Amino acid sequence: MKAISKLSREPGLVVTDVPAPVCGPADVLIKVKHAGLCGTDMHIADWDAWARGRIHPPLVLGHEFAGEIVEVGDHVTAFKTGELVNAEGHIICDHCRQCRMGDGHICRNTSIIGVDRDGAFTDLIAMPATNVMPLNGIPTSVGAIMDPLGNAFHTVLSTEISGNSVLVIGCGPIGCWAVGIAKAAGAKQVIASDVQGRRLKLAKAMGADVALNPMEVDLNESIKDLTEGEGMDVVCEMSGHPTAINQAFKAARFGGKVQLLGLPSGEVPINLSNDVIFKGLTLYGVIGRRMYETWHKMQSFLSSGLLDPTPVITHTFKLDQIDEALEAIRSGEAGKVILEIES
Amino acid sequence: MKAISKLSREPGLVVTDVPAPVCGPADVLIKVKHAGLCGTDMHIADWDAWARGRIHPPLVLGHEFAGEIVEVGDHVTAFKTGELVNAEGHIICDHCRQCRMGDGHICRNTSIIGVDRDGAFTDLIAMPATNVMPLNGIPTSVGAIMDPLGNAFHTVLSTEISGNSVLVIGCGPIGCWAVGIAKAAGAKQVIASDVQGRRLKLAKAMGADVALNPMEVDLNESIKDLTEGEGMDVVCEMSGHPTAINQAFKAARFGGKVQLLGLPSGEVPINLSNDVIFKGLTLYGVIGRRMYETWHKMQSFLSSGLLDPTPVITHTFKLDQIDEALEAIRSGEAGKVILEIES
Amino acid sequence: MKAISKLSREPGLVVTDVPAPVCGPADVLIKVKHAGLCGTDMHIADWDAWARGRIHPPLVLGHEFAGEIVEVGDHVTAFKTGELVNAEGHIICDHCRQCRMGDGHICRNTSIIGVDRDGAFTDLIAMPATNVMPLNGIPTSVGAIMDPLGNAFHTVLSTEISGNSVLVIGCGPIGCWAVGIAKAAGAKQVIASDVQGRRLKLAKAMGADVALNPMEVDLNESIKDLTEGEGMDVVCEMSGHPTAINQAFKAARFGGKVQLLGLPSGEVPINLSNDVIFKGLTLYGVIGRRMYETWHKMQSFLSSGLLDPTPVITHTFKLDQIDEALEAIRSGEAGKVILEIES
Amino acid sequence: MKAISKLSREPGLVVTDVPAPVCGPADVLIKVKHAGLCGTDMHIADWDAWARGRIHPPLVLGHEFAGEIVEVGDHVTAFKTGELVNAEGHIICDHCRQCRMGDGHICRNTSIIGVDRDGAFTDLIAMPATNVMPLNGIPTSVGAIMDPLGNAFHTVLSTEISGNSVLVIGCGPIGCWAVGIAKAAGAKQVIASDVQGRRLKLAKAMGADVALNPMEVDLNESIKDLTEGEGMDVVCEMSGHPTAINQAFKAARFGGKVQLLGLPSGEVPINLSNDVIFKGLTLYGVIGRRMYETWHKMQSFLSSGLLDPTPVITHTFKLDQIDEALEAIRSGEAGKVILEIES
């Protein structure tokens, strides 16, 4: 079967032929219908420092996907063939302290599909049944983006939103979804911030009440004006930019919450005394999706129509158009880019 | 000044003349513009067992109100005359364990206006400044109902709502507001239950997805059908009816939350083993409003337009129409009844 | 191998020969060293109404145990032979809403060893590896009681204990452990209540500051005296007796927590208005152990020496002394009774 | 009356005569018996940059004290003369968002005694009655240190301690008390870290299981050894040292909590991606004491004997020995230094 692979320790991705995976007794075999392209895939394509330290070619890429079950392992009773499903791509150990305490999303023995083992940019993937979630009527094009959408849900819903004001800094796909989730969860005011007008437009389409470009306005002055000097109840930092991270702390009200999802490179200088301790802030490092509270919650929002994440999906490509897909992301013109996979 | 009073230990209310209150150094004096009539006022009018045990005539009634500050005590700096405000009617001791631990709403030394001391069904009322909240643009007709609306907020928002299913049993004014709050806070599905069609219509107007009359359908079978056998994440019991209370426990899903606000008379037989313990339920007794988290949250919802509570206000009377006002409530035709007070 | 079994639908237990279980690919096979006898086993022996509705003979009893791994399934990497372990006896589905939301202890598809499938009162038992916990130096005689001990941990630690006052009503083994856990977790005052002096003595041995017999003193008056009229922060109701349950509500302070573990038969009349709603109580139905937060927490307490549960273990019998063991429990003389199992 | 004062904008403190304060209608007048000296007093004495920006001489210093009520304001009913009390030194506005939401400790309109208005290093101080707490048998020498002790309680008890491992970095008085509180609240393991042997000795006296000097050992390696590679559940950073802050993040386990109380000067470079976000940490900026949850909890621990804070009090001076008292702190030989005040 065709697959988007990393074959050697150098930049670039290729479409190759790989053998079909075997369905173990505790697995289901899934025919991939849609898959999502993500920043991680870009890092692997570009063979940057992170990729060089983590990736061991040959590797089939892809950790965001949805499809149809075509085979069910001998010991699996929860699924049957024909069901449309997606899956959490973090395969965890179930036995470490984090797993045992309900924090499997930070299991230290995690193996990620498309990163540590072969992934979903291909026809078939075998997944442990416990990682698989039924789509319950959600289309596979949406099912394929529920991994990054889950990051947005984890970020927003791990703090109190109803009646609160929310600032989202960084309006890539995850940031734009965070805007929509905050609105659906009853935020009284959602402010979006990004340096690109196109992204701010998408944030507005997802429901942002106000969209601010910190290259054009003084972000913290604007926020003071918009909140009667109070600051934001919740700040979701999705950009990873050092300046933005410090803006996040300054924008939060006394006693506010700052959710940190964006990943800065290197050290970030922070004025902890004035910006965090004197203000009594709570900071939370967001990684992955809570397994499986986030997935369940996400299904509730999607199935009930509380959230429509599709405006953020701007491009769909075929598997062998991977170069065009990467180019769309690099151009800065794309929101979320997905692949439609036909065998 | 004119006031609706209880003058003697027997049924009935009268409009009398009472002296204007004095504004103490820590008080503000408020000219009442609107006031809300409530079940408690009915109990006092009817002179039932509860009233006979609690009320000491002569007493000016009224604990729900909003108006304009006309005098500010010498030690009060937070307010000035001309401001539109309302107030929490529970005057608490600030020193007991509950007050010190942030649970002032269950202060055991509480004195309630219109119950334990003169109330707001008159021209002027003096309130401790710490009990007073600025209306910040909310009209006094809405400000006057923020006491019972606060009960609804306390009930709904003291559990997790976003993406969850919510059942409201009992669709009087507080129940109908609970429906609207749950929708505004991102509930995925809100079911309302009441034995009166008129109330169910109001619940639908406040956003209920489904309205069920347990006299016409089997409530628990309907809920099973509507939730794929799962049951409700959250049940708000606002009726106080023993049958409804037991339905509440049965309607909740395993691990669900039951918020108990409705007050049954006497003992209620409950199958604790099957309906509470085996199901791992959490029950919470809701009394009053959290001081002042609930008030602040309520202002956020009202000021931002997340909630419009006005469809529930069906009747407005003048102060000397108290008999017509009581009759409107007794008839079962009314939602929330308020008084417009002109000096 | 020898096993304590229920062979027919009538009172009594017998020691029979049963075939050794097979170790599936996701299982470990455990040689049982110690096992705990529990009220559930008594119900099955006595063939009461509950047992008649739930149990399908033939069945090997026993759901509390610890032992040594003697075989490891092909797909299991977390364990190796020779390890001393115990196991959660609730085998859950991993896919229902409760399981997915981290509430596996109330999975509606639970199968319990010794109840719904063959149990541990025998030489060998095969358990899914995900149910198995390493003992990390805890002896098997203690490992064998970590199922009911876990009920006590779940009851006590699902509310705030440090610096709080705690009342434990019902001082069977689980109640006595609850006393010890509350003390270890920094309760400022632990009061134990039971109608049997022997049990109160055990509660004192586990650290109760005060032991009260409600047959001899007025429980609620005593509690008022002991708490300056305030009432208890936390009440753990472990008896299931209707009178005790109502005492629990009355003993709790305004805003207190009542943890309900004891299982009453039939309906219990409760004065919800006065005893729960006006007081702003929170009630929590405790069933099983949180999987696996409770187990992990329990290991921390046991491994670090914070808790010594052994004073509650009063009797140890061999497998073929099952009649003597049941008799010890029935006599009311026993605390926790365990079996030592030798092949 | 005699008072320790700052009279001019330059280094140094003097003992002067000041007029006795007047007891307002909502105040109580307290005869000071004991008072605590604190780092803040040192900053004011030394007239450092912070002091120059905040302090407006003339000012009576002192924000930690306990004493006897000698006069009660006309509107105060909760206290009577002769009662021994202490008081929260943060006088808050009661009306801002933080105050209304139960976060008065971060009220933006706070006025602190001994900093923004005259303080307690003198014979008499008038305090608003709502700031005053009865000592209930706690001696005034201990009552006088409940302000900084409250910082330690706020730090430790705003996260889960029972059964958890706790690292305290920085063993000044507040750090040493944090050690004792963690032990009393059922921590399974408390590790203390400081660069001074004398302080580590005090931490051991307060119950630390292990005391580490990061000048002598590799702190993070030691912690790995002590926690089987897992890291600490809770880290309390009380030093404010940039290196220690980064050690705090590294020492925390995946999913751990870091409580930040120590105040670094200037910006601290932090590796947010690796040390906070990938690890899923929660950080909390600790300032002041929760009003009045922390005070209530503290009284429970002290009154019940769960905590004895007195080993940390190493020196007691008279009011006119202020120079000797400051010298004791500067020498690094002192734990907590208090003043005994006689009129």
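Labels for the chains are A, B, C and D, by order of writing; each one numbers its residues from 1.
Methods note: contacts are C-beta pairs under 8 Å (C-beta built on N, C-alpha and C of every residue); 3 or more make two chains touch, one makes a residue touch a chain.
Treat the numbers as computed from the prediction; the structure is a model and nothing was measured.
Asker: Count the C-beta pairs in contact for A-D and for A-B, then report the pair with the higher count.
Answerer: A-D
Asker: Mind checking the centre-to-centre distance between chain A and chain B? Centres are C-alpha means, answer in whole Å.
Answerer: Inter-chain centre distance comes to 41 Å.
Asker: Mark out which residues of chain B touch at least two other chains, giving numbers and ranges.
Answerer: In chain B, the residues touching two or more other chains are 97, 101.
Asker: With chains as vertices and touches as edges, which is it: line, ring, star, complete or other?
Answerer: Its topology is that of a complete graph.
Asker: Tell me, which parts of chain D touch chain C in their complex?
Answerer: My answer: residues 157, 161-164, 184-186, 188-189, 297, 300-301, 303-304, 306.
Asker: Which bits of chain A are touching chain D when the two form their complex?
Answerer: Spelled out, the residues of chain A in touch with chain D are 97-98, 101, 103, 105-106, 108, 230, 240, 245, 253-255, 260-261, 263-273, 276-287.
Asker: What does chain D use to touch chain B in their complex?
Answerer: 24-26, 75, 78, 93-95, 97, 100-102, 129-130, 133, 292-293, 295-296
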